[in-house]
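Below, each structure is written out as structure tokens.
Consider the two complexes below, in which subunit A is the common component and subunit B and subunit C are the respective partners.
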Partner chain A sequence: MLSNAFASVMMTHSNFRTYLIAICVVFVPVLIDGQRVADQIYMKLDSSTSQCFRLLNGTHQVGCQSKENGNTGIIYLVESSAELDAINQDSGNYGEYIVAIDARHFDEFASALQRMPSIVGVLLMQRNSEPLGSSGISEDAACPNERTSMYSEDAAHKCDWNPTQTAAGVRFLDWTKPIFLIDNATEIDIIVKSCWETFNKPIDGMARAFPVCAATLTQFMTAAKDAPTCLRRQEMFAGLSGDTTLHLCDPLIDENIIAFLPPTNKTAKQMFEHESVFVLTARMDSFSMFSDRTPGEESAISGVITLLAVANAIGQKREQFSSAARQRKHYLLFALLHGESLDYIGSSRMLYDMNQTKFPVEASSSVKDQVDQLTIDHIGFVLELNQIGSSGGEHFAHVDGTVYSGIKREKIDTVLKDTGFSLADDSNTSRLPPASYQQFLKHSHSIPGFVIGDFKTKFNNKYYNSFADSDNLNAAAAIDAITKVAESSLKAVTNWVANESTGYTIDRDYIKDLYDCFITKKFWDECEILKRATTYLENKAIVRQKTTYIGTQGSMEARSSPIKRIVNVLMVGSLGEKLPNVDTKEQCGHLSGLKKNNMYSYFWQLDLLQSDNASYCYQSTVMQTPAQSPAFLIEDYDMTSGKYSTWVESVWAPSVGLKLFLRPPPRYSLWIFLTAMVVLLVSMAICLLLHRISPLLIDAHPGADIGDPSL
Partner chain B sequence: MTFAEALGCTAIAFGPPLWVFVVFIARDPLRIILFVLGAFFWLVSLLLSSILWYAVVPLRQTLVFGLFFSIAFQELFRYLYFFVLKRAQRGLDKLSASGMHIAGVHSLKNARHMLAVVCGLGMGTMAGMFLLVNVIADFSGEGTAGFPASVYVANVTVPFRGHGNYHFCLMSTLSAGILILTHIAWTVVFWDGCHKKGSAVPTWWVGLVIVILSHYVSSAISFYNEKKMYGLTLGVQLIILLINWMFAWYVMGGSVARMKAAFGLGPAAGLSTPRTPIVDETDESPAPTHQRRFDAHHVET
Partner chain C sequence: MDLKKVSDDEKLFLCKRYFYWGLALLPFLWLVNVVWFFKQAFIRPPFPQQNLIKNYVIYSGIGLGLWTVLFVTWQVVFQTNRVAWGASGDYLSFVFPKGYA
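Our next item is the complex of A and B:
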């Protein structure tokens, strides 16, 4: 039948040619690449995302995480509360949502986003080109560091320094859902245009038909409940069998940078006396719920630059200052503190060490020339530099009302007159803003001092401790303000310590350079002075990122806080002296290993103010002291007491990611299942039927075919 | 998609072959072994085509090149299997001759079409698995195909915009299911052609040509999937399946008369063979009959 027909067709040559052409025609469609099917389904957005991570303290867990396999939901763009209402009503239809929201609206809707169970994830979109708007966003509470403040016992006191729409602080909510921050414009376009507008946006108020665009956010944190639980779980597993350790969370730890000028020397009988030390302090750190997004420019860096300028000015006349100070038996302590924004880690540890007479180092019998230990009664004045430069000039001094109305009032007034600032509040109910000075007063309620800031009753900084605390200052005005505050502080310091104020000048260019480097530029090594400062630092890729967060790696120098490492270099450059006969890095390192004295430290670095490549060994009094909360040192410390910071950071599970995809109609799987059942039944029937009728249907013994003897 | 969908697609593609296996193959251990051997031969052909693809570096991105030789290798191994089986038959002949009846061992004569079905199912199942397993695995996650293909944003290059459709999995499934059944038909026709070559029938090559040609057409038409012309692809593959099955039926001795007889619409006289079910060589009772036949053949040669 068929075979005969074919046979006759195939016999002729010309038809063979037609045949060949037919094959090629069929082949024509195409050269395609072999592709993995998963690439047709998922689009991963991972070039710029930053994730909200978990912190735990003595009583709570805060921050975000997803389920272990990620949180999946339909993308919904929220621009006003109308969309949130739509989600509320709509949740039977689609189920779970992942909200995409512009960072400008985050603070406004934060509590709603946190509360609604149908929202299982948040994508925060921050377009770099647009300012965040006048509402601002702060991740800190309205009363920052409330638990460890000196006013925590005072219930009547209303503390609302920080203008934020979420009183508890967005960072300190327990989100139970992941939040990803996206600042890459392309990825934002993909989410808003390709995903939301193409598939999900309701048309004329009607929900769209399937397929709809959904996303999975994966970010799992291993720690839970609170710090004591997490640490206890870790301990239980430690050392059980060889190498297995369970790593769930890490305490926040880094170092403070301090420098005494002039140094003490017990051997030479140059020791601290009662109220002989002036402490000039600023905080180095900030935080955010988003990893790697802690520029802290207005919150912390502004104060750091001011202090660095003062140090630089005094460093220029170091010998003169030191001898004048020695005559008066007065000392100056520069203290750049870390971890202050998270319940005063640095300052509480510093004061704890002072109480244990271990500050700056413990007394040692093996060192010849050693420093004297500073205790709290040696402290004569505390001048703290808080946020500087945002309000366009006016800066205020904040005092504690009880101290100011006591016997130290005159001392405060003297210094105040030198600076020329006016008091924000001179009544006896005056409260200090969140500041390290509070910790000094907690230990000894009679230390005179004040805090300088650019605000009177509420912060001017609308981005206090947030991922957006970047590029919000007016450069020219801020530099002027920093210069003015630096000059005032310098006068106060030199008068108090050395009883002289002439001959010391603030280098405005230095301030300008530092401002440019730290704040204006996108990375911390894009300008000359910081490029030189970071020359000998390890792990430059991390150092250049603008992170002021204290972090958990403080025990490993190469991975510890970038801001601390940079500030260390700058302080050494300002306050150190070049040793003439030390020519290599190894010799310089050798000097610190010698331990002949612990008054000085030795660092090998470039001259920051020159442009050549010559490096020197700097001998200076700049030191690093631990900034780790005493809560982790004290045996059986009650973590719920709120006396010291108990913050720990959760360990991240390795896979973190965001992927977008389409969801098919919900009935689709049902149809496929039914089809499968039908196919199974029908094929079973056919097979059994064929089995039954095959003796008739086909030739049973084809061996008898075509005269073939063997088969 | 979801796990239920993945399961459903697996059932759609591998359901019919499963029933073929259960009804026709599972009863006989020798057939099970040959089934697995068929799968193995297909795998080796895939290995060779992979080696070739890997070796020819410049043409790695040209799918057509790889596909052309892959199909050539598959058909080559189909022939090789036939060759191996023919060799084996001589050995098995000796084992079952002279009145010996070893359990599980029987001459493979007189059931060459059944063997072809077994081999075809083996090769087809393996081919279907390789076609489908990746797709089902990727589709068993949360999402379905289509999003990357729909992204038209500056600075984003989507490497491939085909298959941007949530029906892709189902269509692949149906394609794979058809492919497996078609392999059975191909093997029957192909082996019949090889067998007839041995006995110098003039039109022995017709079957081979049909099989090879329809294999190429079936694969080539699947390129239209990326244009989302699933109807065209599946339609052509279904037609190829039917044509090949008709040819296989004809080769197995089918005819209109037989069809009528099978459904009770015509006389069965002279058509059916002794009551032994064709497909069951291991049935104990007909042993004497068979043996006599073997002896007869043996004596003749």
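Our next item is the complex of A and C:
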């Protein structure tokens, strides 16, 4: 009887078609709702996240790393050490945690977060509307650039310029877990309210039962261990891994912006003489563990604006200054250095090139009018502009005690009197803060000079080299400070080089405009001056982002550091002269290609201080020199020696992301497995049964029913 | 090759050949010797060539044991020390892990 029943259900040729159509009609509505199952499970948060990435140097790896498929953990909001204790106890048996923490508390708990193995990821939440509080957060060490400092041999004296709660520097810890920075208020609300409060927050001290809200953070770095290892592997294993090149890490590289005034000319016998050059220098760069979060406003930009203002003032009276300087056979060198915050990349390379007589360019037999090479004994004074803008108003000059108590004391005092600043410490144990001037002294311990900063014994800047170094300055006070320092520096410079200080004035409006452009505005091309400055720059999408980080793309102009490219245009605008008979960009470019002289560079740009659309070919002495650590040039350099910067940046895998989901009780996995086993066994039974009765289903005489319309 | 169809002299010849060739740093030949001729050497009731076959199987077994110790030791040493050896570890490697030391 069973077999008869099955026989009646047997499908003939035409019935089969009907059934097929019926099935499709039933299931089509379901198929058209094409949302992937994955999208129904995970909620992706990716509108404004920034990820912590890995840097490697000669001996260590620092920064973050996640597993290739991401680190998964239960979200836990930490506001005090009580929550960290709760995580340690793990009373809810959650296993691994992803800590959500407000940026205000990050510095305080950074070491604990890094140490605890049950915490596999960190979500740093920064609400833009709230200030970060009085504690501040700096990602740099308490003694920045300690390895390459000139005092690294002298362990006795404590070096604690930077007020930070994590002595080693949050950026320089080896986290081995991903850290994501979120500053979108909507996403922060999702994490705190929809995820944490709804599912995870303990009620009455009791851990919540499953389902709980979990997250997966994916940010995989390919380089590991240290810079020599990843560079060696890149070379050794290329070819074996399938591609001809293997890309694991890149050295940090970009360019310094320098300008000599007046220029030297070997053919005209205008050359450097002993101690004839005054170096005015500032640093352009900052860093952070988060990609694209390096505003560096007080750390770097404050000094840059000051130097640009001085350059502008001198540029207004360029001819007068140049001829006065030539009479005295003195020269001024503006030096805007890159990579200084990461073990003095720019300055160490500049001094290395000086020692090889390749600074600013190598001597060439084919160029007619060429510059003289600068060597270290030509340098007569170094004035460095460190952090300038913190409210408080007072500025100090920092000297090295050994230099100041030596024979150069008088030279320092003369310049000091011109600036009107007082010394932070005039004893013979006085130490310099982290500054490029240290690198000059490392090469020649008798160059007089000092560093101007708005601090005496500890930085005023609580956000030194961090993602939060923005929106912390009081605009009016900062502009006043910058103007005051610029005026003092201008007087010192013009007196030393040209023996005159009247007739040069700092344009306060220029400082106001630059401050507005670089610091107040959200992007670097929202104000007039920078909009005009970036007109002819390629790849404007990158240039407008507020990044002062040196980065790895220095060799490709269109992708090199935004701050450097903008500063280049501004310096050319201040120090250059418009060439009258060059009317097109191509003609201007042609002039640089001719190489009849290497004293001048030629740039096509708008007049930054006008509002018309006319462009000019500017001839100026502004040049770009390499800011790449000598560690990557010297053959067989011992990367562990700590003499030069060895920083490289890891390449990271393209799939980066943060997604939230609900994690069911662990028992669910067991139930699903058992259900699957049951379904499997039942299917096998059905198949066996069908196999047994198959003679009834399949016609033993094929062809008997085909084409028979009655069935 | 089916040992059932091979004469005892031939078996001895094979066992001997595998042993001697195994001395050319080919421990897998010794492994084959031990596995293949074990039944012949120890389980089968005595036959004229069995003593010699037994000897060769034992020598192969000893050699195999030494090689196993050698391989296992080297594996343990390499796996635990590869990272610490730095450059030398990389020169000895064919593949390396991405993202980890």
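The rule we apply is simple: the second predicted complex is superposed on the first by the 631 of 711 C-alpha atoms of A that agree within 3 Å, B and C clash if a C-alpha of one lies under 4 Å from a C-alpha of the other, contacts with A are read in each partner's own complex, and residues count from 1 in each chain.
In this section, a residue touches a chain if its C-beta (ideal position, glycine included) is under 8 Å from a C-beta of that chain, and two chains touch if they have at least 3 such contacts.
Everything quoted here is computed from the prediction, not taken from an experiment.
Asker: Which one hits more subunit A residues, subunit B or subunit C?
Answerer: The partner that reaches more residues of subunit A in the superposed model: B.
Asker: In the superposed arrangement, which partner chain does A:Ala476 touch: subunit B (first), subunit C (second), both, or neither?
Answerer: After superposing on A, A:Ala476 lies clear of both subunit B and subunit C.
Asker: Considering only touches as defined above, state whether A:Ala363 meets subunit B (first), subunit C (second), both or neither.
Answerer: Once the two structures are laid over each other on A, A:Ala363 reaches no partner at all.
Asker: Does subunit B (first) or subunit C (second) touch A:Ile634, or do both, or does neither?
Answerer: Neither partner.
Asker: Using the superposition on chain A described above, determine whether A:His691 touches subunit B (first), subunit C (second), both, or neither.
Answerer: First partner only.
Asker: Should A:Ala558 be classified as contacting the first partner (subunit B), the second (subunit C), both, or neither?
Answerer: Touch status of A:Ala558: no partner.
Asker: Which partner does A:Thr222 contact after superposing on A: first (subunit B), second (subunit C), both, neither?
Answerer: second
Asker: For A:Leu248, using the defined touch cut-off, is the partner it touches subunit B, subunit C, both, or neither? Pick first, second, both or neither.
Answerer: Touch partner of A:Leu248: subunit C, not subunit B.
Asker: On the A-aligned overlay, A:Ala238 touches which partner chain: subunit B = first, subunit C = second, or both, or neither?
Answerer: So A:Ala238 meets neither subunit B nor subunit C here.
Asker: Residues of subunit A that sit at the subunit B interface in one complex and at the subunit C interface in the other, please.
Answerer: No residue sits in both footprints.
Asker: Sort out for me which residues of subunit A touch subunit B in the complex.
Answerer: The touching residues are 1-4, 6-7, 10, 23, 26-27, 29-43, 72, 186, 189-190, 193-195, 198-199, 211, 213-214, 216, 659-664, 668-669, 672-673, 675-677, 679-680, 683-684, 686-688, 690-691, 693-703, 705-711.
Asker: Would you pull the subunit A residues touching subunit C in the complex into a rising list?
Answerer: Checking each residue of subunit A against subunit C gives 65, 68, 220-225, 228-229, 232-233, 236-237, 240-241, 248.
Asker: For subunit C, which residues are in contact with subunit A within the complex?
Answerer: The touching residues are 83, 86-87, 90-91, 94-101.
Asker: State the interface residues of subunit B toward subunit A in the complex, per the touch definition above.
Answerer: Contacts found on subunit B: 1-2, 4-5, 7-12, 15-16, 18-20, 22-24, 61-64, 109-110, 112-113, 134-135, 138-139, 141-156, 159-160, 162-164, 166, 168, 170, 177, 195-196, 198-199, 201-203, 206-207, 209-210, 213, 216-217, 220-221, 223-224, 226, 246-247, 249-250, 252-254, 258-259, 261-263, 268, 271-279, 297, 300-301.
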